[in-house]
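You will see subunit A twice below: alongside subunit B first, and alongside subunit C after that.
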Partner chain A sequence: MSGAPDEAQQPVHGRIRLIEPACTSCMLCVRECPVWCISLDSHTEPDPDVPTGARPRMVNVLDRFEIDWGTCMYCGICVEECPFDALEWDTAHPAAADGSADLHHGIAELA
Partner chain B sequence: MRDVPPQDWHAAVVAAREDGHGWFDWLGCVDEIGVADELRVVLSLRRLDDPGAPELLLQCRLPRSEPRIDSVRDVFAGAAWHEREAAEEFGLDVVGGDRRRLLLDPSFTGAPLRKDEVLASRTAQPWPGAKEPGESDAGAGGRSPSRRRMVPPGVPAPEVWGDRDPAEPPPDPGEVAAATSGGRVRRRAR
Partner chain C sequence: MRWVDWYSDGSLHVLDVALACCSLEFDAAARGAALVAEPSPDARTAVVVSGTVTDRLAPAVAAVVDGLRARQEVAPVVVAYGVCACTGGPYWDSYAVTKGVDTLVPVDVYVPGCPPTPAALREVLDTVADRGGVA
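On to the complex of A and B.
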């Protein structure tokens, strides 16, 4: 990041996108968030991609992912910390809402 | 960095100004808990006649239980704001200083920049990171009771601060400070 003099390459802290297929529900972003604005639910399932004959394996499946834009301070620590690049900056900004409850964006709104 | 005893603080600042360090830069305070049971007040002065000269730093170590220091706002008027900030943030007793609050609400009690000050709302609020990957409820049953619980950084264990046995002595500020800066103080596997 530091070696990018080109202004167009600097991330615009608009909103944070979730690339759902890349997320492994590892909880790192949730735990690193200094303002506790991210929360997620997940469950484990047998991995369907295990070749026949191999030992069954469990994978985490993401059920719910939520960012509270009313609490988020756009620091980007979650984007930096995600080991699977499932979070990224987007130039768009979260839309204004009538109440604070509407600022809780789930998987669909964050895509 | 020149050490000044508390009783010589005002005189040392006057002497430094007469010595040519006539420009007040800043005054700050550091909570030295964990290193010493002290608050350290630091004052930075500069010379305007020699811009290349290094800043003059005066420091004064005060006991945390009774941090009393003389105001220097009659020497440098600009120090008054810095003293007011240090007084309310660290619980410093500035003798002869401006006693009005600078940043905090008048009803606020405590010294928020002391390291043993706990963010109480953090201990009361459920932490979203308490869950493990693959869980949707941190309190879910069916997992090994011996597994270590994830606890939010900066929140002391109940043995150290908060929901403690009333028979025990008051919380140890050193332990609370170590716990709020991220250390696992007296935290057992629970």
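On to the complex of A and C.
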């Protein structure tokens, strides 16, 4: 092989992925982002997984999660701050777009 | 502000409006392409705004792009290179920073990133020049 460093060892500084099932809509990433480029909406539902006889409790359900790549500065603070590892670095970079609104990526595009 | 003959064959002249650190990424993307004088009105052109546009400088940036648009027979492709040019980037909440160059002039392509990659600019300009590139 060539003398190039192993790709896995190179720092990854591409886009940021959302692992939707891990997200609890806790809002930490939204509030810690220095440029406020993350926004999300959620609602609460009764948790179906409570033991019989236990008091009912509510869980957050994520409705909308959006990163504005037109503002994100790739600092990775959201990735570091997420307590549930729902955000991670990805090697690909967000593509150029014909409109600034196209740089707003939702749950599907961030997967 | 300077003109670059992007492919060194006169097929695409790129005006670098270098306002902040993204201009270094522009340099990396240009790979030492030749600096040239202002091209003739029938040349294919692109304007790359790389960096933070301040409100104080905004009229000058708008005048450059509008002037080129009026002068060229084929309208120049305007590229907002980097998040500052796209939306104001990390400075979007600053009292002194323009919230994207598209508030001044129409923008054709938005390249995200802070910084964006030189490869992203090369891909965009390859597409402009119809040389393949963006998949």
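One rule holds in what follows: the second predicted complex is superposed on the first by the 100 of 111 C-alpha atoms of A that agree within 3 Å, B and C clash if a C-alpha of one lies under 4 Å from a C-alpha of the other, contacts with A are read in each partner's own complex, and residues count from 1 in each chain.
One rule holds for everything that comes next: a residue touches a chain if its C-beta (ideal position, glycine included) is under 8 Å from a C-beta of that chain, and two chains touch if they have at least 3 such contacts.
Just so we're clear, the structure is a prediction, and the values are computed from it rather than from any experiment.
**Student:** With the two structures laid over each other on chain A, which partner does A:C26 touch: subunit B (first), subunit C (second), both, or neither?
**Tutor:** first
**Student:** Name the contact category of A:A97: first (subunit B only), second (subunit C only), both, or neither.
**Tutor:** Only subunit C; A:A97 stays clear of subunit B.
**Student:** Based on the superposed arrangement, let me know which partner A:D63 touches: subunit B (first), subunit C (second), both, or neither?
**Tutor:** A:D63 sits against subunit B, while subunit C stays out of touch.
**Student:** Touch test for A:I38: subunit B only (first), subunit C only (second), both, or neither?
**Tutor:** first
**Student:** Is A:P46 touching anything from subunit B or subunit C once the two structures are fitted on A? First, second, both or neither.
**Tutor:** Touch status of A:P46: no partner.
**Student:** Based on the A-chain superposition described above, do subunit B and subunit C contact any of the same residues on subunit A, and if so which?
**Tutor:** Comparing the two interfaces on subunit A, one with subunit B and one with subunit C, the shared residues are 36.
**Student:** Which stretch or stretches of subunit A touch subunit C in the complex?
**Tutor:** 34-36, 68-74, 93-100, 102-103
**Student:** Note which residues of subunit B are touching subunit A in the complex, please.
**Tutor:** 125, 127-129, 131-137, 150, 152
**Student:** Write out the stretch or stretches of subunit C touching subunit A in their complex.
**Tutor:** 80, 83, 86-90, 92-93, 100, 102, 107-114, 116-117, 120, 123-124, 134
**Student:** Provide the residue numbers of subunit A that touch subunit B in the complex, in ascending order.
**Tutor:** That would be residues 24-27, 30-31, 33, 36, 38-44, 58, 60, 63-64 of subunit A.
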